[in-house]
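Lettered A, B, C and D in written order, each chain numbered from 1.
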Amino acid sequence: MGKPKIGIYGLTGCAGDQLNILNCEDELLKIFDIFEVKSFVMASRAKDESVPLDVAFVEGSVSTEKDLEELKKVREKSRILVAIGHCAVFGGVQSMYMGCEAWMERYKKVYGKEDAVTISPPLEPRPLSAYVKVDAVLPGCPIEKEPFLKMAGLLAQGVIPKNPDYPVCAECKWKENECLLLKGEMCLGPITNSGCGAICPSHNIGCIGCWGPIEEENFAAGIALLESKGYTLDAVIKRFSIFGGTERGEKLAKYIESVKGGCNG
Amino acid sequence: MDRKINVEPIARVEGHGGITVTIENNEVKEVRFDILEGPRLFEQLVIGKTPEESVSISSRICAICFLSHRLAEIRAQERALDIKIGKKLQLLRKLAHFGEMIESHSLHYYLLALPDYLGYPDAISMVKKFPQEVTGALELKKYGNKVMEIVAGRRVHGENLTVGGIGRIPTDEELDWIKKRAKELIIEIERGLAVWEKLDIPDYMEEEMTFASVWPEDGSYDFRADTIKISDGTELPGDEYKTLTNERVVPHSFAKRCRYKGRPYSVGAQARMLIMQDRLDGEALKWFKKYYNERWHKNPHYNNVAQAIELLFCLEHIPEIVDEIKKTPWEDAVEGRDSGKGTGIVEAPRGLLIHHTEVEDGRVKYADYVIPTTQNLDAAELYMRNAVENLIKQGAEDLELPLEMIVRAYDPCISCSVHLVKVIRK
Amino acid sequence: MRVFKMEKGNLVPFLRSLEEFGEVWGPVKKGNSFVYAHEDPEKFDLSAIRTLIPAKKFFLPKVATILKFKNGAWTDNRECKKRVIFGLHPCDLHALNIYHEFYTRIYEDPYYTSNREATLIIGLSCLPDDNCFCNLTDTSTIEEGFDLFFTELDDKFLVWVGSPRGDEVLAKRKDMVEDITQNDIKEYIEWRKKREKMFKVDLSFTGLPEIVSASYDSDIWDKMGAACLSCGTCTMVCPSCTCFDVEDEYDIRNDELNRKRKWYSCFFREYSMVAGGHNFREARAERLRLWYTHKLVGFMSEYGEPACVGCGRCVVSCPVGINVLSVVRALTGEKNDAFWAKTEVKQL
Amino acid sequence: MKERVDILKCEVHEEENPYVPERARIIRKYDLTNDVRFFQVRLCNHEKVMEWTTKYKPGQFMMLSIPNVGEAPFSITSTPTRPGIFEFCIRKVGRLTGKLFELRENDFVWLRGPFGNGFPVEKMRGKDLLFVAGGLGAAPLRSVLLYALDYRERFGKIYYLYGAKNPDEMLFKDEFFGMKERQDFDCYLTVDSDPTGEWPYDIGVVTTLFKYVKDIDVENTVAVVCGPPVMYKFVVQEFMKLGIHEENIYMTLERKMKCGMGKCGQCVVGHKYTCIDGPVFTLWDVKTIRNLI
């Protein structure tokens, strides 16, 4: 068995996940050594899109027809497709209004008219899984070095990695932090995927949820709890939606509909 | 000869861009720098959010210069809300900002730009011939990252620096490490700078250019100010940034375009260095003098070396920033109002960055972001057209690499440029 | 038990001198709370009540590599560190005793045992705050499970020797301690009386196992389940929670495979999930019931005492107020103003 | 740092660490159904082969490791009366089992164990035995069945009732077909449905086989059921109808396990740890510890 062939791709996003791969300064040469990197446009001019890949890492949300085309091409030639980063896994901040205010209206507010830009028809931003099968995910805005290396390690061994199922609070307790929620701060730890190492609470900053919603999030209780601490429903919903991605966006829209009608915009 | 050249995607830049050149009868019909990165509508995403949320969201515009975005937004919010911060916090922000410059410039200079001049597809392939330079680059990058991690919370999208405050102040041990390591690394960047001397800098695109950058009020070479200076001598108060930028939408790009007095202009390390050259000092000044010549005013390739000199400048100044932070006592910010307008102006590694915000009752009502790459697009197109015309005359076959090199010289951060577009108000 | 007394001023030099056995750890302030840290004993805070994370972190580390795989074989990877831990209160020591029983029953957990043998345990007396209820769980005093135990009186410490190791340590520091007098005993008795009066939690734990068992079908579990965030905080802070997860990680830096174990919680979704995605405890209510039955009933039938040691950590940690006290109140029909009990959480 | 005085012990003891798995070689494998595969493995360390393969009890399980993927419990389907090897039948359901199915003969896996209480084979002595299996439940049952047959003289009457969804889903079909020929015990096989039309025996759910159970001494019968959770209820009803005592009815249960030694907690039910207090439980246990099935 030769070295696994990999490709690293970016759709629409801030490139933070690819950057954090480049940020593995001590391990970068090693990564290029254990894998045969066939395409990593952000780092190299050399690329070969003609060969099938063992693993494709894809960052970014699908936000134009062109993104979608590229995603489908990558999917087709890759055995394992890994969504990296919040945009690819959940849709990114750009998808926070999913299930709510019409996207085209907002688009027009920025660009003036629907067809102001003709280069590639825009799409409302969605995660990869909205269009293709995704074999593994590494969330985070951005992904972190340690979980990435862990994931790369297993992939290099031919094993598909699995993410933890628990929220930031667990890691926060491991860091022995005082709970910010108990101090009345808006911390999204309990409904957010772990993996970051509870960075923000460890800096006395409430988690803003950038690792996306945990699968079993009890956001109804989260809302009720924050309301009991004096935050308005509107403020809580806004905060929840920022990194809620398309899925929580839709859930929130339903929730708001049921409690007060209207939308999270 | 009819020819259509399409370079897409452009490698070793952040985001998705493409260059389309159409040549008919040996005449250049069109040179187009397309931005293919999808729209994310940031200026709409922040509407209705709190100032803090707006900072977290808008810093996601770009990963490489997230901190600049963050600092620009923080500054905009603080001006809108009339929040006054203490000196220690100012210095901490400055330190983090220097960290970002070091990280971004080392990434760009060594890993993204140098391979072109030396004839490699990427930096990893350079390891054999230039082991010291490549490992040195990684060390510098790691250091810049570490500074951001310590002061800003993490390498990318750290949340530690907030409107009017900071979550956790770095410990003395951390600060001491930052200082010590800065001194150790100076040798690395000087080694990198020495490579420039041996390079052939192409001239087929040259044309006199207008430059713009911040103009720090305290007379220092720095990356934050409330005033913009243009190379024609004009000084603009930050709030009047539109006099410079004049954004417009073009159909072939999700990024808007900027022109000053109807002409392209350029921002970035080269612009900063030309405008603030009298404020350089130390070794950085010596290297600038060594490499400076008339072509700096008309050739974008000098942006690369300007970045490397700036990197050295940052390393040289970090020790004194650290010393000052340590001796300055903490003061809480003075709260102002909950409605108002404000503009935050900073230098991102790749140039002038402007965040404008309007807040009403603690919620963002309007936002406008003008990104360095947006400002550089027209200049890049102009230089590419020159290059194509001259290269055709010289009968050159390979147009792709020269064009890509021009684009890369701008160190474009395409994902930012895209979302950062003017809101049309009815 | 042998008892000595020590002048207050001798404590710091005494603790410093213990560095010769291993790292000296003790409670230090973090924000408004406390954590065990390896610092100069001068920084130890004798007034510390409960630390954020209990001393179990020394015996079952939050994350540890237990095995390494190299050249076709798994090898034991025991990293034990010699430590002196100062400042464990009676409730913490009771919890450690539970840990000890649990981790040595039937199969001895070699990692636990190594860590335990490498640790010198020094207890410290405490005065309860509003959330301590070790008087209700019968864990407010301690007879065994420590090497030395310090009781802080007005102007001195009484030092109880709980093990031959403790005796040996003290024997080499004879000049720091003195024999006790009749008067010291009197002072101690006064101190005990004063302490007993300080417990504030007004609640009866009598008959609790039966009550919890009988409440199996009570709807309070659903009410709690609606509010519980499955954040796992309660299990992380509980000194008698023992669960862990095991995971293989391949480290590309050193080209080696590590089998790691890390703290885990019965509140996490996958805890009770088996092949085919079937989950024996799909509803959070069921996980809560498991925890409380395990703490208050199950352990009782196995070890004759509840697994709750009354340290109050869940009381101060659960963001929605689910804790032993509020649950017992709910089960026994007492007034309950916990968030989960007051608030109707409407699920989608 | 100063040399530390040696009061605290920090040496790693030489005694066996029950977390360390032993290497074993897959010596035979074949498909039992389209997603269940039979694996026969042998420990690589010759010195341990006999010790390990004679000391376990039917109904116990091993923790099987594949490096990088992890570890999971699998019932031993072979019997200590036929030592030298371990046999497993494994259904492909996820990461570890998926990887296991990629392995070939002569590849390695890693084992530790045995764990669990196993069936009370001593208590069964002299008793009539009634085994009922459904689907994959035949795996742990096969072990105790073969054991009982190898020590045939120790037991009274033996009934083995086994039901599968359809003929293709029946494990060890040939082996059990062969057993039907034996005169010294009663083996009955059934399938829920038979799309092939070639099934020679009963058709219907496993409980329909109870009609064949005759002349057992209910006071002196041990009944064992293994199968999917849904089956338990109905089979237990049949046992009760026959009048078998709750404490003589045994079943094996499945929970997630990470250690097999009553430490990780993931298999806990009430105050029972399935890995050490089980996986074999009596009906009485099941009734008193709620949530067990």
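By our rule, contacts are C-beta pairs under 8 Å (C-beta built on N, C-alpha and C of every residue); 3 or more make two chains touch, one makes a residue touch a chain.
Note that the structure is predicted; figures quoted are calculated from it, not measured.
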item	value
Of all other chains, the one whose Cα centre sits farthest from chain D	B
Central chain (by mean CA position)	A
Whole-Å gap separating chain B and chain D, where each centre is the average of the chain's CA atoms	65
Centre distance in Å when chain A and chain C are each reduced to the mean of their C-alpha atoms	36
Between chain B and chain A, distance of the C-alpha-averaged centres to the nearest whole Å	25
Touching two or more other chains - residues of chain C	248, 250, 257, 264, 270
Residues within chain D bordering two or more other chains	67-69
Residues of chain A touching at least two other chains	26, 154, 157, 159
Every chain pair meeting the contact rule	A-B, A-C, A-D, C-D
Complex contacts: residues of chain A adjacent to chain C	26-27, 30-31, 34, 149-150, 152-154, 156-157, 159, 165-167, 169-170, 173-174, 176-179, 181-182, 189-191, 215-216, 218, 220-222, 224-225, 228, 251, 254-255, 258-259
Chain A contact footprint on chain C (complex, rising order)	30-33, 35, 52-53, 62-63, 226-233, 236-237, 248-253, 257, 263-265, 268-270, 284, 316-317, 319-320, 339, 343, 345-348
Contact footprint of chain B on chain A as seen in their complex	10-20, 22-23, 25-26, 28-29, 32, 41-47, 61-64, 66-67, 92-94, 96-97, 106-107, 109-112, 116-120, 122-123, 125, 141-142, 144-145, 199-200, 202-205, 208, 210, 235, 238-239, 242, 265
Of all residues in chain D, those that touch chain A in their complex	67-69, 95, 99
Residues of chain B that touch chain A when the two form their complex	9, 11-16, 34-45, 48-50, 53, 56-57, 60-64, 66, 107, 111, 115, 121-125, 127, 138-139, 141-142, 145, 153-160, 162, 167-168, 249-254, 404, 415-416, 421, 423-424
